[in-house]
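Structures follow.
Look at the two complexes coming up: chain A is in both, with chain B in one and chain C in the other.
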Partner chain A sequence: MSAFTLTDALIIINGVTLSDHGNQVTITDSREDKDATAFSATSKASLKGLGDATMDIVLFQDFASGKTHATLSPLISSITPVAVEIRPTSAARSATNPAALLATALMFDYKMLDAGVGDVPMTTATFKNSGNAGMTYPTS
Partner chain B sequence: MVNTYKAISVVGEHYFGEGVSELDLSPSEEQDALNGGHLEIVPRKYRVLSDNYTAGAQGEVVELALLKENDAALIQGGHLERVDEPKETPAEPKPAGKQQKKED
Partner chain C sequence: MRSSSPLSPLISSITPVAVEVRPTSAARSATNPAALLATALMFDYKMLDAGVGDVPTTTATFKNSGNAGMTYPTS
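Showing the complex of A and B:
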């Protein structure tokens, strides 16, 4: 496996492909760092706590039907989880093109516009896992 | 907006009625009933309106079992529209007219 440039990432939110509006993706799968250091220890001991998973997706804003705003804006008030999937390329899932999948994601942050004068308007959507499954990396 | 559900437990039948019914549940009521194994969503037909919905090509009719808020989000977003089945009506009786005789 060699290094590659990210030019063809796939972004699917609630079954809707928004890759052609995507500009940046950040996938974070983390565990809480719990201090388990006892007296007389000479080094700090850490234990893993609960997991957390977040996807930050930056998209070009588009108010046309079926595009960015129309797809994302209903999700900010919704309490029903949706699936969010990101792949390195638009090809089918495989061992060399694994998906990052939040099967039950809730959108916690929606910046409808994030731009200054003369900028191309962008929007940022932040999804977090709402179930125990957390982030998975299916290859098929 | 109502969704169509089928009761799949004794508790579900007690609270929501036996068999298939159209219910206007809140999103949390829906999640509780589905996660508790009391109801299941009856798949519904939708026409795909957008060119970027993964479950079907634009113009295609697909059958999906969507949660209430996801159904609303996709309809509001211009991706899907519901294709409601025409309700069955009893066939109208034919007018009792004279049978025309074939004349040579």
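Showing the complex of A and C:
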């Protein structure tokens, strides 16, 4: 078993690499659970419905050029989808380092500051798929 | 990262698969019964859900697609 420690995740949002500001990533790929149980059945039967895909990325806030705020703030008012990619490590995509890719992602929530006195301000960027492609896992 | 390969194709697939869990790796028997979902679908997959320094784990949840439900074969 090759478990590993997540110390070098790659985060690319709209072409900007923000790995050195990232702290937590959650990649969720799901399908609706549709009940397909008919009369006379003795167990419930489930079928898959529509898919959904989200990425939650926790980043340290930074107002410098090309960093967190400059990258994220334009996306909240934009209706143009962007690509968001996360990899387990910063190495090239491969079978053992697959990317999670939202090729057409929209950001629906942005908190410029969400911190108390003395905190290190962080922001959670949540992206959802805008098109029907959903989440893909390219290895090259 | 090894666990990613068997699981990731299952989230987009609508073809049920068999999932079996046994208490030990020994053959099925009355004292080592299997729990078998013969026609299972996976509805949720998190490739990564971890912070810096964590060992990433993922929870795969399978539900029965057909009416067979769970069985407990001993052979």
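Observations
Operating definition for what follows: the second predicted complex is superposed on the first by the 139 of 140 C-alpha atoms of A that agree within 3 Å, B and C clash if a C-alpha of one lies under 4 Å from a C-alpha of the other, contacts with A are read in each partner's own complex, and residues count from 1 in each chain.
Going forward, contacts are C-beta pairs under 8 Å (C-beta built on N, C-alpha and C of every residue); 3 or more make two chains touch, one makes a residue touch a chain.
In this text, all values refer to a predicted model and were calculated from it rather than measured experimentally.
In the superposed pair of complexes, A:12 makes contact with chain B only, with no contact to chain C. In the superposition on chain A, contact of A:130 is made with neither chain B nor chain C.
Within the superposed three-chain model, A:51 lies in touch with chain C and out of touch with chain B [touch as defined at top]. By the document's definition of touching, of the two partners only chain C reaches A:43; chain B does not. Counted by residues of chain A touched, the larger count belongs to C, out of chain B and chain C.
Annotation: chain A has no residue touching chain B in one complex and chain C in the other.
Remark: chain A residues 1-7, 9, 22-33, 37, 41-48, 51, 58, 86, 88, 95-98, 100, 134-135, 137 touch chain C in the complex.
The part of chain A that touches chain B in the complex is made up of residues 12, 14-18, 20, 65-67, 70-71, 73-75, 78-80, 82.
Of all residues in chain C, those touching chain A in their complex are 1-2, 4-5, 8, 11-12, 14, 41, 43-56, 63-70. On the side of chain B, the complex with chain A involves touching residues 27-28, 30-31, 49-55, 67-70, 72-74, 76-79.
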